[in-house]
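Given below, in the form of structure tokens, are the structures.
Both of the next two complexes hold chain A, though its partner changes from chain B to chain C.
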Partner chain A sequence: MILNLFSNLSFYIPEVLVIITMCSLLFIESSYGPAEKERKLVFIAATIGLVLAFVSLMFNLGEESKLIFANAVVIDKFSTLLKMIMVLGTLGVVYLSKSSLDIYRGLKSEFLIMVMGVLVGGMLLASANNLLTVYLGIETLSILSYVLTSFKRHEATSTEAGIKYALYGGISAGVMLFGMSHIYGLLGTIQFAEMLPAFAKVQEAGQQWLMMASFIMFFVGIGYKIACVPFHMWSPDVYQGSPIPVTTFFSIVPKMAGIAVLVRVSLLFFGESQSAVEIGWFGLIQIIAALTMSVGNISAIGQDSMKRLLAYSSIGHVGMMLLGVLTLNTVGPKIIVFYGINYLFMTLVAFYITSAVSDKFGSDSQASFKGLVTKNPFMAILMSISLFSLAGLPPFSGFIAKFNMLAAVVDAKYYGLAFVAAVNSVISLYYYVKVVKVMIFSKAEMEGPIDTFRFSNQALIALCTLPVIILGLFWDKLMLLSEGAKIFIQQ
Partner chain B sequence: MISYGSYLLISAFLFVIGLIIMMARKNIVAILLGIEFILNSAALSFVTYSKFITKNLDGHIFALFIIVIAAAEAAVGLAIIIRFFQIKETIHIDEATELRN
Partner chain C sequence: MSGLLNWVLWFPVIGMIAVLCVPGTKVQTIRYVTLVTTAITFLLTLVLYASFDTEVGGMQPHLSFKMPWISQFHINYSLGIDGISLPMIILTGLLFLICTLSSWTVEKNVKAYFALMLMLQSSVFGVFMALDFFLFYVYWEVMLLPMFFLIGIWGGENREYAAIKFFLYTFFGSIIMLVGIIALYYATGKGEDSFNILALQGGQFTEMTIHLFGTDWSFERLFFWAMFLGFAIKVPVFPFHTWLPHAHVQAPTAVSVILAGVLLKMGTYGFLRIAFPIFPSAAVEYAHVLAILGCISVIYGAFCAMAQNDVKKLIAYSSVSHMGFVMLGMSAMTTQGMNGAVLQMFNHGTSTAMMFLMVGVLYERSHHRWIVKPDGTKGYGGLYTHMPKYSIIFIIGMFASLGLPGLSGFISEALIFLGIFNKFTTITVIAVLGLLVGAAYLLWMFKRMFFGEVSDEVKEYDDMNKREIGYMIPLCVAVIFFGIYPMPVLNIMRASVGELLTLLAKYN
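Our next item is the complex of A and B:
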């Protein structure tokens, strides 16, 4: 038995690599004296570890789907692809944190250690196959996130954001657990695979309403992690209060992990019979998707802080991704992965540029962006491309991602939802274009060139923008890759 | 022998108390206590189901994990509250008003 568990480790190499990186970062960090602030080796080690994890994930992509660790963890293509997105996002954040002034210099290596920890939680969540691993993943993700949020410890905003995050997080985890306990009581198991047959028994006993209530409670925990309405209240505050690298991180890794677990839980319900629980669950997701898109995009309109604007816009994007959950039996997994990859690059570019501008002027309000085109035309153009892509304008990859989502939803005959999504695209265009207008047509209020755009930064931003343009034109290769995003269900 | 209904009733009672504390109290430490109530109610109902209904060990193991993670969460929460107190010199939740729309 124990030997069996050890042999399972060979399928778990990416996670093991990230954990080893985390531990070795601790050692490397403690080998430096307190006077040495420039801790280059830590960054190098973190990058190497993440690249290795990415490569081993690529090897995992070729393997068969597999259940490991006594069915607690499932390795399939869908989870592997989402993990690859998370690792890439983390790699981007590691680079951003190196030059960002938003994180205290003495805390940068600590930041990297925490980020690795959150990444492990996200990876665990993406391949969770029972209630316990879901809970463990969510808590690993959350507890370290509270610390990351209050990283600017001398500032009231950051600490306040940390408190709000911790309190909301605590209550939603508690409610989720209470729901889980009743799911366990009714179905008699915590394994997802064994739950499916047990549903019929619950139906016979007439306990489906209790079941429904438990699953709604369970949804609170996941919904809080992906910040969908009505559990989104923490999101703008936390995004605004945290340092920018942390905000970037939060808008990628926990969201992808949350979507992954939501997909896996929703798959439980695709049985042959239209049970009350199934109708209720998907009805709930429909309502929440519509609300999430609308509230996210409408609230983004009046925002002055760029971080807050991007927070609301990411809420809107989660609403879009929820549409994919409704079509899981056909194209759902494919388009969710496709959307995730596109979302990663657009978000990274937007946050990189916001970070450089706010490091220079000490504020991320839209006034800092005024006249960016005269100061640094190249960056202004790249920012515009990323914002247009986020809004879903045609030549860029955001359009393809949104189009696929809409096509799938129309195909599944959710016409009302498709209409809501289309209207929301128009609304989002308004506030994104407003930022572009500020960058191009307003006169610069603050003087001086933006020297935080160093050459290496600009090169990386350009590199991240390339996929946004290329995937908008030649997206069939990536679609082919996402096509393989099969979800493994144990029979 | 006490029936499992009573255990579940206590668990539900603890859950409701926790929710009420979360909503009614303005002291951040008290809110953290409310979270502990909710977590413990979940642990109690897990153990109850495990002992009386499902008759397997999953629930017991789950309860152990809940206890450990609740401690970790409380530790991080308290650390952030201490930071908040050092900056604001109060632990009243209504003082947390820096971040608004």
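Our next item is the complex of A and C:
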């Protein structure tokens, strides 16, 4: 048995690699002094670890789907692709943190270690195949996130955000655990694969509404991770309070992980059966998706802080991704992966530039973006591209992500939701365009060039913008890649 | 020959890249590069005219170009022109050339200005040439970006508001259209031709229904209105016109010219190319609604124009009024009406471009646009005695707008009224009154600006210089020539309009 579990490790190499990186970072970190120079080693180690993890994920992509660790973990293409997005996102964040002044005031490289830990939690979540693994993943993800949030420990906002996050997270994890115990009590198992047969019995016994209630409680935990309405309240404060690399990280990795769980649970339990619970579940997701988009986008309109604006915009994008959950039987998983990849690059660019600007002026308010085009036209153009892409304008990748999502929704005949999504993208254009307006039409208020845009930074930002443009024009290859995003269902 | 459309479409982009390569300080070089680019592009559109076969009703087979783009979705890079799009393409080529000359005086960030203008030109060509719905949509949206920046950076005092309003308004219309495009894609079964505009035509959706909010809806009607919204905002038809006065007043002269001369036509072109042929029975069924909206636009636009003291705003509202005539002509769905509508699209493009350019010339001298200033004093006065050359060209443009026989506006308006009279008599009678109001506000404007005492301010203005006269002459010639002999344009469009009418006649 033990040997068997060890042999399973060979399918779990990416996660193991990340864990090894995390541990070796601890060692490196404790062995270097406070000098700036020595910190480089940490970044090199982190990069090597993440790149290796990414490569091994690519190898996994070619493998058959399988269940490992006594069916607790499933390795399928859907989870592997989402893990690839998470690893790429983390890599981006690692590089962002290297130049960000927000993090390294009086600190060494704890940040990277925590980030690796959260990444492991996220990867575990993406391939969780029983309730316990889901809980384990969510907690690994959350506990380290609380620490990351309050990283600027000398600032009240950061500490406040950390406490808020922890309180919110604790409560929602509790509710989720309560829901899970209900599910276990009703079905007698924690394995996803064994639940479906047991599910039928519960329905025969007429307890499906009890079942539904427990699933809703279960959903609270996931909803909190992906920050969908009505569990989004923590998100803007936490985003604003956290250092920018952390904010970037939060808008990518936990969201992807949460969406992955949601997709898997929805498909396993509700994908096939035509039960009242299923209709209730998808009805719930429809309402939540519409609310998440609308609340996210409408709240973003009045924001002055760029971080807050991007936080609300990411809530809006989660709402769009939730639409993909509604079309699970057809193209849902594929579209979610597709959307995720496109979302990753646009978000990275937007945050990179926000980080550099707010490092320079000490504030991420829109006033610091005024007249960016006169100071650094190249960066202003790239930021505009990223914002237009987030709004979903062709020829950028955000448009084709939105196009495919709308196509999936229209195909599933949710015309009302398609209309809501369409109106929402107009609303989102409004606040993105306002930022573009500030950058390009307004006169600069703050004096001095933005020297936080070093050459390496600019090159990196340009590199991240390339996919935004190229994927927007030639997306058939990416579509083929996402096409493989199959969710493994054990018969 | 099939590469010719590609050349027309991409040549401005080549010019844009060239402009971007020139250092920003060499302003004169940038201007000349743009001038050469737009001149060659215009010549290329004339080559298109020369190789155009007027007997073919559909797309010109020897000019069409098709290449797979996103093969899984059957999205193609597919271009083609017919008699409805060719006049628009030539108009685009001509107006951008003229606008380059009229933009010679732009001093602020010249490089970005001309690069954006060239990008705009390419995307406008794209809209008029695309035969793939996805491609069409991409160009339709891409066009918003340069427009947004052109209005927002080089515009008047209130430019930011105008730019954002224009952007959001148009985007709202087009995103609804996008939902329609996707619905069409699934309605045709995701097949080879799901994004092919030509294959979608012919009324195959007439019987289809969709289930929505508990009842069955006619697919055709529902998505006809979705497309209608996208195009009507662009035209703009009353009550979707409110973005237009702001955008026009705030935009720099050349951008106003392009906006009124070409971009508004994209809306009516969308009706002719997409909404009518794809949803013919809904188009026939709701022709009276289009006619009524067109009629309201004519009357309402004219009265709004009459109330303006800002001469540019006056011209902007006159555009609303004149585009209303195009809507009327289209809704008639008769040979004369439809030909009149397409001709009016072309003629309004030349005459309104003249008016906006003339206002721009005046603005460069006075730096205001008031006929009567907000404090009640006279803005312009006695221009006629002081600026004779200017006045003569202005008169030609004004009378062309007004529809004086012998100038271009008359023929298209006459054709439209001929076409619609038997179908919607009451509406015609009311709309003809719009013509009267149109004459009234233009003549009243003329009286206030050109006659009377020469004000001190006006005495300091120079008359038009050679460059200004130079770029006005082609338009003057066009306005007079097509007023006397419109057959070149009518010949081009005859077969294509005939084909569209045959299609619509099945449901009439």
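What to note about this one:
By definition in this document, the second predicted complex is superposed on the first by the 479 of 491 C-alpha atoms of A that agree within 3 Å, B and C clash if a C-alpha of one lies under 4 Å from a C-alpha of the other, contacts with A are read in each partner's own complex, and residues count from 1 in each chain.
As a convention for this text, contacts are C-beta pairs under 8 Å (C-beta built on N, C-alpha and C of every residue); 3 or more make two chains touch, one makes a residue touch a chain.
These figures come from a predicted structure and were not determined experimentally.
Once the two complexes are overlaid on the shared chain, A:Leu429 sits against chain C while remaining clear of chain B.
By the touch criterion stated above, A:Leu480 is placed in contact with chain C alone, chain B being left untouched. After overlaying the two complexes on the shared chain, residue contacts for A:Leu52 are found with neither chain B nor chain C. Legend: residue contacts after superposition of the two complexes on their common chain; A:Ile143 is shown touching chain B, with no touch to chain C. When the two structures are aligned on the shared chain, A:Ile470 is found in touch with neither chain B nor chain C.
When the two complexes are overlaid on their common chain A, residue A:Leu268 makes contact with neither chain B nor chain C. With both complexes placed on chain A, chain A has more residues touched by B than by the other of chain B and chain C. Shared-chain residue A:Gly416: touches chain C; no touch with chain B. Applying the stated contact rule after C-alpha superposition, one finds that A:Gly241 touches chain B and leaves chain C untouched. In the overlay built on the shared chain, the residue A:Thr189 is in contact with chain B alone; chain C does not reach it. Residue overlap on chain A between the chain B contacts of one complex and the chain C contacts of the other is empty. Those residues of chain C that touch chain A in the complex are listed here as 70-73, 137-138, 141-142, 144-145, 148-149, 152-153, 159-160, 163-164, 167-168, 171-172, 175-176, 178-179, 182-183, 185-186, 210-213.
Those residues of chain B that touch chain A in the shared complex are 11, 15, 18-19, 22, 28, 31-32, 34-35, 38-39, 41-43, 45-46, 48-50, 53-54, 56, 58-59, 61-62, 65-66, 69, 72-73, 76-77, 79-81, 83-84, 87-88, 96, 98-99, 101.
The touching residues of chain A, counted against chain B in their complex, run 131-132, 135-136, 139, 142-143, 146-147, 150, 153-157, 159-164, 166-167, 169-171, 173-175, 177-178, 180-182, 184-185, 188-190, 236-237, 240-241, 299, 302-303, 308.
Taken together, the chain A residues at the contact with chain C in this complex read 388, 393-395, 399, 403, 406-407, 410-411, 413, 415-416, 418-419, 422-423, 425-426, 429-430, 433-434, 437, 440-441, 474-476, 479-480.
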